[in-house]
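Quick heads-up: structures coming right below.
The following pair of complexes shares a single chain, chain A, combined with chain B in the former and chain C in the latter.
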Partner chain A sequence: MLILQLLVSGIEAGALYALTAAGFALIFGATRIFHFAHGATYALAGYAFVLATRLGWAWPAGVGLALVVAIAFGLLLEAAVYRPIQRHHGAFFTVFVAAFGVVIVVQSLIELSFGRAFIAISSPLTRAHEVLPGLYIARVFWLALATAGVVFAVLGAFLARTRAGIGLRALAENPDLLRAFGLSSRRLSALAFALGSALAVPGAVLGAMTTGLSPGVGAHVMLISLAASVMGGIGSLRGAALAGLLLGIVENLVVAGLDTQWSEAAGFVALFAFILFRPRGIFGAALVR
Partner chain B sequence: MTGGKSMVTRRIWLGGAAGLAAGALLAPSRPRAEDAYILGTLFPMAGPNAEYGTIFTAGAEMALKHVAADKMLSRPLVLRAEDSEGTPQGGAVGMSKLVNVDRAVYVLIGFTGVSKAAAPIGARAKVVLVNGGGVGPDLAGLSPYYWNVIPLVPDEIKVLVPFLMARKLRRIALIYVNDPFGNGLLKSLKGDLTAAGGEIVTADAIAPTDQQFSAIAARIRTLSPDAVYFASYGAQQAEIIKQLRDAGISQQLLTYSAATIPSVRNLPEAEGLIFTNQAADWSADDPITKRFVADWRAAYHTDPTTYNQNYYNAVRLFALLAQQLEKSGKPVNGDNLRAALLATRRFPLVGGEGVFDDLCDISMKIVVNRYQDGKLVPIG
Partner chain C sequence: MTAYLLNLAQLAAIFGLLSVSLNILIGYGGIFSVAHAVFFGLGAYAGAHVALDLFPDLLLAALASALIAGLLSAALALPALRVRGEYFVIASLGLQMLATTVFTEAQAITGGLGGLVGIPPPTLFGFTLADPLVFLFCCLAFLALALALVRQLMRGSFGRALMALRDSEMAAEALGKNVALIKTLAVVLGTAFAGIAGALFAFQEEFVNVESFTLDQSVLILAMVIIGGAGTLSGPLIGTLLLLLLPAALTFIPFIPPTDIGAVQQLIYGFAMTLLMIFRPAGLAGRAMGRR
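Up next, the complex of A and B:
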């Protein structure tokens, strides 16, 4: 029963990892921008939800506020930080340092506004109940699964069937060709940031209820997103989502046989294994020099 | 250049110089660093443990105000803050800067790992470090220049274990941070619990940065312990409490003095949490405690914590020792401060008379507390 319980915990964590990692992968896949501040988007969305709760807003309004904040932050970064750097042919390292600086600014702003302490939203959704002897499941588990399922289904349909979605997939391949088809690479880049940032919101909102938030929470989120993106195949949305889910499951299942300290390390052992034996990731395309 | 332009330029220069001179005369006089006693603070000021840095600093700052108001010293006391980040690396870097750049004569410090990294640097430079927040067993006698104004965790365990045995809480699951503090606590708890007839049914080590505890909760639940003791600090404590309760762990939760911070006290899931702490009687009628508590309530509209008390006491201890040295015409340095402490031993501090042993560690009474309705209630 312990294994089953750990599997349930792993799927819950993995579903949230999958959504957040997919956001990072979507942005990187479409724009080739290493959006290191994706963790800051997660933190801002989570704190926006906390703010709405404190103001006594209903949860849909709180989720709405988190979405607005996350998307606005993503669009602002794209327009005010990344685009000017790229206009001046800034190197990858310049983009990384700029994003890193933004992360520190966001963390400081959160500390100034909400304090440095841990914040969690107490909700009956996170209280686990015994559904089978020895198996405890909270309602938030079903909510995480349903959210991930619906979001990925809608996103998949958007990317496969709409003109903008197909444009996003093509953006990374050949921006010049896009222009020939009358599509604006600038607008598509903004769309990628808006969608990618919005994907951080479900994880942030449910994370605020389950694991809680602290001003530095973005660093952990970013690490998971990065690992999932590499394991899934750089730029592959479904790869990042699947790898995020796997990371959550591995982190939890490993506790059944090893010391708990191996929990997070196990995910990164899996990452190293991918880098060594399948560097292109689960769904990444093989590159030949 | 024409004569007119030259005249204007001269006027501008003269006016500027006069303005600067007037500004210097009218501005409130600020102590120059070389005229002041430099007190360093080496606290976590950012990251998951930053809450402690704010709490520690507030206690020290109130003491600075009182020392200045009472004109205890002939020279001003100036605080220089370094961020330890709560890590040994941060502690070593910060302490080096305080010693070599700021020329601090006395440094307030917290956290076991930070202390162990900074103490050798303090010992080499003969700069006194005073700990009011770290409770790791190794902190006793860390160096002749490392003093504790807080009782260490073995003292807390010695009080807690008989309390647990009396309530038939014998099988304890332990979650501990894998660092010098956590490993020291594991050793103390295991030794005292086994000697008293209890046992540790599982000891799960966690990293200070871990955020997910549902897997640990699942494992603990299968072992059905009588109680769960967690040894962590900062924001992580609240995460552990919440996730254990969410995962259906209904057993008694136990911990140590680090749980006195607001983020734990205000957590609904922390209701009923039992923890040990140094005794603090805010209604005591000695003038030093009364003044500290009254000014604290006036400034913060709440009662102080024992961390506020400890760092207030650490600064007050410096003022008392430096005052003694000034009167006897001796320089205020590490050796003389230590000699004065060991010669005097007893000092009027917040909470009553502070008595120091040969290792320069204070002794205090420990009590067992419970959070009830978000308030700390002594129960044993």
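Up next, the complex of A and C:
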């Protein structure tokens, strides 16, 4: 039963990783910006939800606040950090260091205002029920699955059918042609940042209830998103989502054989394997340069 | 007070060596590693074991540390350098996370979270270097050696080839440069010096544990190089002094509670990194124009 139990928590974590990683992949796919501060978005959204709960707000208001904070932060970074850098030189490492600086700033601001300790929100959703003998499932598991399912369905429909969604995919494929058609690549990349940042919110809110938050959570989420994006094929939404789900499952299944400290490391072993043997990722969209 | 200042000066020399060594990778080679603390750590553990299990000879410990850090980095760099810049950064991030776990778990070698304690004071040619001032001069000597070597190398054919492939890998390859070999040599050289810095650090602290070799430390070293100016001789030293003196200076500001100093320091250098990348990507000592 242990394996089944670990599989359940793996799927729960993986569904949330999938959403967060898809946000990162959406931003990278559309704008070609390696958004290293995506983990900071996650952390900010999570702590915004914690703040709302402490103020006694109802959960929809808390989720709303987390969404507003995440989207505002994504848009701010795009306008104030990434765009000025890309206008001048846009060397990959310049973007990376600038984003890393932002991650550090956010982490220390959270430390200063919420303290360094782990914070978790207790909720009746996380109370586990015995479904089969020895197998406990909390309602948050179904909630995570349903959220991931609905969000991916809506996102898929949005990208496939709406003008803005088609614009985003066009931006990913050929920004010059897009501009020739009279569409604004600036507005579309802002849209990509808003959408991508919003995708970090479900993971942050549900993560605040299940695994809890700490100021350093952003770094972990950033690594998971990066790993999932590489393993899925950089810029591929489907790939990132699938790899995120797999990473969540691997991280949890490893616990069956090894100490819990190795669970994060297992994800990175998988990442190395992909970087060395299949850098194009599961869905093979090669990084065009 | 003198002891405090000497301690700070020793740390400055050690971290100066560390950032000079990372600068070989980042500044001259364009190899963006976020795992430098791993090799610093390997050197520290190696140096500590030489001192604890054999005898605490400074040169022997430094040699062992440089060998272990350099050889392991060569083994890791050979496959990892085949991939492009983005992937290398991610791979090094992954290596850093993996190494933190290994350092924590391999208790037989690293002592785990408890670390290795009671490292004896170093000896040199049979003399014990108990005086902190003498040890400071030893650290400075290693730093001067590294600086002289970097200066000399970067003027010669190896340095020119390294910088050429930083600026355009394809052009360097077209001119017949062995890209993989040059890059690997740069990595080995940089990490070997990081290993020596680790050995010095082990003697200086008389204690090593995994806390000093985490991602935060890698980012701190990275920030020293970037803020000072990657690819310049003086830049890493300027960055090291600024970032080491920052926490010391913050302790003198009365309205910051001591427990928050770490966070305030991080806040400041995080901001500095982001703002520099937007307005002066070549760093404080770099030329005003971007490197590329």
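As a convention for this text, the second predicted complex is superposed on the first by the 279 of 289 C-alpha atoms of A that agree within 3 Å, B and C clash if a C-alpha of one lies under 4 Å from a C-alpha of the other, contacts with A are read in each partner's own complex, and residues count from 1 in each chain.
Convention: contacts are C-beta pairs under 8 Å (C-beta built on N, C-alpha and C of every residue); 3 or more make two chains touch, one makes a residue touch a chain.
These figures come from a predicted structure and were not determined experimentally.
**Student:** Looking at the combined model built on chain A, do chain B and chain C fit side by side or clash?
**Tutor:** Because the two structures are overlaid on the shared chain, the partners are seen to clash.
**Student:** Have a look at where A:Leu65 lands relative to chain B and chain C in the superposition and call it first, second, both or neither.
**Tutor:** neither
**Student:** Does the superposition put A:Ala117 against chain B (first), chain C (second), both, or neither?
**Tutor:** In the superposition, A:Ala117 touches chain B alone.
**Student:** In the overlay, answer first, second, both or neither for which of chain B and chain C A:Ala98 touches.
**Tutor:** A:Ala98 sits against chain C, while chain B stays out of touch.
**Student:** Based on the superposed arrangement, let me know which partner A:Phe34 touches: chain B (first), chain C (second), both, or neither?
**Tutor:** In the superposition, A:Phe34 contacts chain C only.
**Student:** For A:Asp259, using the defined touch cut-off, is the partner it touches chain B, chain C, both, or neither? Pick first, second, both or neither.
**Tutor:** After superposing on A, A:Asp259 lies in contact with both chain B and chain C.
**Student:** Between chain B (first) and chain C (second), which, if any, makes contact with A:Ala22: first, second, both or neither?
**Tutor:** After superposing on A, A:Ala22 lies clear of both chain B and chain C.
**Student:** For A:Glu130, decide between first (touching chain B), second (touching chain C), both and neither.
**Tutor:** A:Glu130 contacts chain B only, not chain C.
**Student:** Under the stated touch criterion, which partner chain does A:Ile11 make contact with: chain B (first), chain C (second), both, or neither?
**Tutor:** Touch partners of A:Ile11: none, neither chain B nor chain C.
**Student:** First (chain B), second (chain C), both or neither: which does A:Ala240 touch?
**Tutor:** neither
**Student:** Need the overlap of the two footprints on chain A, from chain B and from chain C, as residue ranges.
**Tutor:** Residues common to the chain A contacts of chain C and of chain B are 107, 111, 259, 261, 264, listed in rising order.
**Student:** Per the contact definition, I'd like the list of chain C residues that touch chain A in the complex.
**Tutor:** Those in contact with chain A are residues 26, 30, 32, 79-80, 82-87, 89-91, 93-95, 97-98, 101-102, 104-105, 215, 219, 222, 226, 260, 262-267, 269-275, 277-278, 281, 290-292.
**Student:** Provide the residue numbers of chain A that touch chain B in the complex, in ascending order.
**Tutor:** 1-2, 5-6, 9-10, 12-13, 107, 111, 115-120, 122, 126-130, 134, 136, 138, 210-212, 214, 216-217, 220, 251-252, 255-256, 259-261, 263-264
**Student:** Help me check something: in the complex, which residues belonging to chain B touch chain A?
**Tutor:** Residues 46-48, 50-51, 54, 178, 204-207, 209-212, 214-216, 218-219, 221-222, 234-239, 242-243, 245-248, 261-263, 267-269 of chain B touch chain A in their complex.
**Student:** Using the touch rule from the top, collect the residues of chain A that touch chain C in their complex.
**Tutor:** Interface residues on the chain A side: 34, 81, 84-85, 88-89, 91-105, 107-109, 111-112, 219, 223, 226-227, 230, 234, 259, 261-262, 264-265, 268-269, 271-272, 275-276, 279, 287, 289.
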